[in-house]
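Structure in structure tokens, see below.
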């Protein structure tokens, strides 16, 4: 029987059993939570779980305040991520590819979360399809990955191009950069879904976190199977 | 002074002077017009103008009926185009590139209209970006064109890729193929506008005609300038 | 060097090298193609490749006509799928879960395509979240899968529920069933992206095919890695 | 004959008869009104009605200024609600369920308004469907309620799940939390309407107030009937 | 412990326990189901449950075929509803108000389903707000109801007007009538949500069924409470 | 021949002849213009025209600065309107009706602009349809007007109600108040277009100015005709 | 006191008093009504009212059947309009301008309805703004009208151009012609609202009827005033 | 063989070969980049390329800081553009037409970028279609251009009007000015696509840069051809 332990804080019911049940840490979504709430939740998770504990989308000041009370964590400013007890890498290789410099924060979140949960992450930056040779230069590297995360705003065409180059899983992250017809990532999201490359999957706009967790599921299921 | 002659039929005012004023024929949009209306309009245009006369989006039966009464025209079934007095080619080269087999009717309209107004058209088919080498195989040919029309549905990424390969004008035509998140061409239209390739321009969904006329404007202005 | 062989038919450039390059068959999308075009493409693919050949979204009459000329294939009427040379199963287990009876055709396409490319597929039907015990009854079976495809229209909530029950990859397929606020699958697509279950990925509306190919990428990369 | 007394302020016509006519207090919507306008309206309502008087969506500073001039009221900061003369509870039990910590302000508004108009309110927090056991833990409590308000952002799946667990009225409130494909509550609103759970009704995005008033209508009609 | 019995047909898992668990019949949604599937499901439900059995959105021919094999049912052609074992009325009064003649089928579905599950239904037709006196003529009758269902397409203003006249629960059903800016019911749905009348709730577009089930929940909870 | 005099400023071509040609003043849209630009334009218009000169959507500080340099004008703070040489009233009566206190600024713009161009304006405030008796109280007054402007946000139902009460022209102005499903006035705009009241016309969201100018066209044409 | 007589048919409440109250006939919207319903309604209206009786959007067969039973009416096939007892013209001149041949049915409805209620209507066809001289040729005629109805699909620019040429009321009707980015008239509707020409008002997509009734309100109020 | 040299900075891969390959400079998009990043990129581009180097959408302070470290550039404040080594003009004439004063920044970007890449640019301002004579005054000038860029917000009708006056290429830029139904440029973008003027092409909302680069492609291809 899978465990379904729940721990009540005043404002939240922590899902203490998720780590054991699904192999997924209960990652805390930072926005809208007070520093005190984050501290309390992180404290509980560190106490009741054994794996990594993460807080996403935290600004530098909040991060400093939380770390002052819950030591042992590390803050990645570009990714906006707080991590305690990062997992050891076990060999699943993930490449995070991004199309432009404005996609870097989302790519950084994907890379930092994936690293924290134990994937071996490398990054390739600024390889938009308007300069195709930049993508082609790295195609062998992409082909050798166990999975690829493609981070792209504007028209999101990089997902189709990468999906046509590699046979491994491709997880596309639309990004809310660009202006006008970019519609805050909606155009990229739709274009990625309408992609002519078979078997590309898509996560929510700007969700580097979601892409990393999707990759984590791949690695976790692969490990379990081996 | 530019001529602005207008000729009244019972149901339409023909713009007889457009050919002389803008170098553009008054192309007749077929849908919603009866065979009799098309015959009357074409007859008037042949009488009062000297250049090509076109009717777009005509089905085979209507075409046969019109041609029976207004001889001298030709019908292109794939393009759905009727043409009388096609213009002689004067050397402006246009390449029409399409991404998939379902884009062929729109590509055919673009090619047929462009040919009818005097451009030297060649076509490249089925070069979607999920198989990038198919695009790369023809890149030199694209680079040698005076202009390129890119016809693509789904995510429309081909426009970005071609826009990054060539320096000449690129006119993108979103196509209403695909399903789900393709939204009848809207996704491709938005993606083409959000394209990371600088200076790509876009025409209306499925408007092979619009792309051909945009190319005609290029050729016309180039001729005038030379 | 990865092969990029291209074979020209009159109306299409077949990507003969994809099978070897990416481990993906060149699946033919049926709608908008004539029986003759399908026959020609399938013939070429059977000749130049060695793996499975698939045609999706084919109606019964077209299927019969194609099979009359290209023997050795099989037609799955519910899935609308034609298959030649299906791959042998190699042990990767995929469960396809659907929420209601109207989701069955999409679930059938996912299951049939996944089977054709060599996955060991089982299905669970009619487990919408309004009757939660139906989902909970099958949770152990879902947990033992290497991956789960969730097929759901209306509000698409089944993806969140399954995503919270299992640790393996979850691929969500929004379905264009329902009426009113279902908006032909858009609501389910958006809801699946906004899902509170971490690491769920989404493919295009009604794309059982896309989900199967995404699962194939998982299996392919897992095999390569082992 | 039902009374329709109207009282003119300079900037508003107060509906003094609504309380008697419909059993509903004239609740004041705070945003866009000056402190002076709120004071004047509240004063009039207290003078001409006998039941509770509420002002919604008031910030702490405005609340303090109004209370300084119109004593006897109380301010609930999390709910942003000002209340004078709250109604006595008469036994109709309402449970307000929320999916995540960011849904708390809307849940608080629902609970505070419902309490002010005389319902017996209890709350259940942080029971998102990605951790289903948290919902299932409280299902008996939900089943014993006279009505349930479900407050959920993101994909809003909690409404379907609760709607499938209980037989009493379920009022769903979409919340504008989340990012990307959440579209400020639109996705949740649509998903709640497309819900597979029969007879769930929906109020406006973020309208804890609307849900409370809908519950009040239930209680009022039930009392009248008894 | 609440029962969660499930009965497997080949293509569906019937929720046999819902009647006992929630007081709700498992209503069958007709579209997309074959006559044989409907017959099988209805047969099972009649065998394993004791209350009413309903099939919605059935055309006349399908209804006749089903009734030929599963006797004892009745068909309401305007509502498109098949009913076996309708519940006895127990005194909860529901008024179904519709705005125009084109709203009648949806109003009929609401009335027929509500009657089948035991409510005492009366109807008021063609009382659009452009002829306000028609609404005002029936206001006392509306006020005496235990609940009111408002069925309206176009701009849906009738919901606001009725919501301002009565104190009992008001359930609004947007209808996909009208043209242009009516957008198949979306305008009415949004307008009903944005309604200035407090506590009006909304169900899915054209869902007379949903409104009836929402009213059934009111009646069921009221009965349980009494 | 109608005059089409144009006067060039460095940044704008003033349409000096519009007053004589159309009877419409060239009203200046304030936002995005510097104080210096407004001063220059107003100066030119006062010099070359003879009728009223208006600047809309001006904040108090800009208004003060402009008036310091271009004396003789008056500023209406609620309407955000600057006026020089207001027209004398000539008897055309316009009633501006608004639904809630948050609609007041738009109603004020409509009233102030209409007054400035010579209409006899009266206002009726806070008569939302959820309190129908407030509308009915003023129906005779509305019926005696030469035209009625209806200003309403949220669901915009007031336009339908007023359109059903009076026979004179009704000009509806959707307002961007409300939250959630109000969508910044889009819901009201659509609802007003879908209105069941025949012959109601609609202007842009928040465009009190547009409604006033539409009323001015009525009065101007009526005067010309008389 | 204004009369509000209501006459009950089995399926509709006729607003017999509207003619006297508002000067507006109760026009019957044809779609969705059976021939018998139309006959019954028309019969009642002819019996109880004295002015014109109209049925809109009627096809030729229905019209013939209705006229066979309710003699004295006339059918306008292009407009789809049935009229009994058309009003005598009283001198208010309306010009209906349309942009293309595909706008003709909507323009015809506007003209036929306006004629039936007593306006002196003239029409100008096929004056799209891409051939501006066609508009300019008729500008004096437009300027002499008491009001102008502009019927235009595609981008709807004709409304802005006409709005800039005349001082009288301009009522714009967006038309659902065109393809792709025309979005069934939505683009024209939005463009007409965003028009830079002050005081242009807009009615629903394809609503020639609505425009005619708006013009009727102008004429009615003008007559009353005179 | 075309060059595809790539130069790696820490955060970006510069496409050093684009200038030679496509005749297009690698224009830097300023927003989201730090001053240091801009300096580094510009330095690299100046070192490795020979043509103009541009940075778009730079505010005055950033521009000053960059220029302090990378001398030789010039800043155009209205256009927000930094330019080093502007190209010499070679005779291709471009006219940039804008509709209103609020379109000026976008028109300025188009003009400044086009000038920097070597086109002979002239501008025409404030010629909205509501004052048609202002457009007609400049029609000969527009007709003599090699290409015309039309910059317009609101309803974007100027593109149709200009497209009907000239035979040369017309590149339309929708602008995010206006309010309400302007929808931040979306209405203008759609209207420009739905334009009745044949062969008008459209670039992204507010993309003066995109229009200039499209014109540059025209000029570049024309030069190559000559």
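Letters A, B, C, D, E, F, G and H mark the chains as written, and numbering starts fresh at 1 in each.
By definition in this document, a contact is a pair of C-beta atoms (placed from the backbone, for glycine too) under 8 Å apart; a residue touches a chain by one contact, two chains touch by 3 or more.
Being a predicted model, the structure only gives us computed values, none of them experimental.
Novice: Show which chains lie in contact with chain E and also with chain F.
Specialist: For chain E paired with chain F, the chains in contact with each are D, G, in label order.
Novice: In this assembly, which chains make contact with chain A and also with chain G?
Specialist: B, H
Novice: Can you check how far apart chain B and chain C are, centre to centre, with Cα atoms defining each centre and the answer in Å?
Specialist: Centre-to-centre distance between chain B and chain C: 36 Å.
Novice: If you average the Cα atoms of chain D and of chain G to get two centres, how far apart are those centres in Å?
Specialist: Distance between chain centres: 44 Å.
Novice: Taking the mean of the CA coordinates per chain, how far is chain D from chain H in Å?
Specialist: 51
Novice: As a quick test, compute the distance in whole Å between the mean CA positions of chain C and chain F.
Specialist: Chain centres of chain C and chain F, defined by C-alpha means, are spaced 57 Å apart.
Novice: For chain B, write out the residues touching at least two other chains, lowest number first.
Specialist: Where chain B meets two or more other chains at a single residue, that happens at 100, 131, 164-165, 180-182, 189, 193-195, 198, 204-205.
Novice: So, with touch as defined above, which chain pairs make the list?
Specialist: A-B, A-C, A-D, A-H, B-C, B-G, B-H, C-D, C-E, D-E, D-F, E-F, E-G, F-G, F-H, G-H
Novice: Taking the complex as given, what residues does chain E use to touch chain D?
Specialist: Touching chain D from chain E are residues 2, 21-24, 27, 92, 139, 143, 146-147, 164-171, 189, 193-195, 198-205, 209-210, 212-218, 220-222, 224-226.
Novice: Going by the contact rule set out above, which residues of chain A touch chain B in the complex?
Specialist: Contacts found on chain A: 99-100, 128-132, 136, 153-157, 160-161, 163-165, 178, 180-183, 186-198.
Novice: Which of the residues in chain F come into contact with chain H in the complex?
Specialist: On the chain F side, the touching residues are 4, 6, 11-13, 15, 17-18, 29, 31-33, 37, 174, 176, 185, 189, 204-207.
Novice: In their complex, what parts of chain G are in touch with chain B?
Specialist: 101-102, 104, 125-127, 131, 133-134, 137, 177, 179-182
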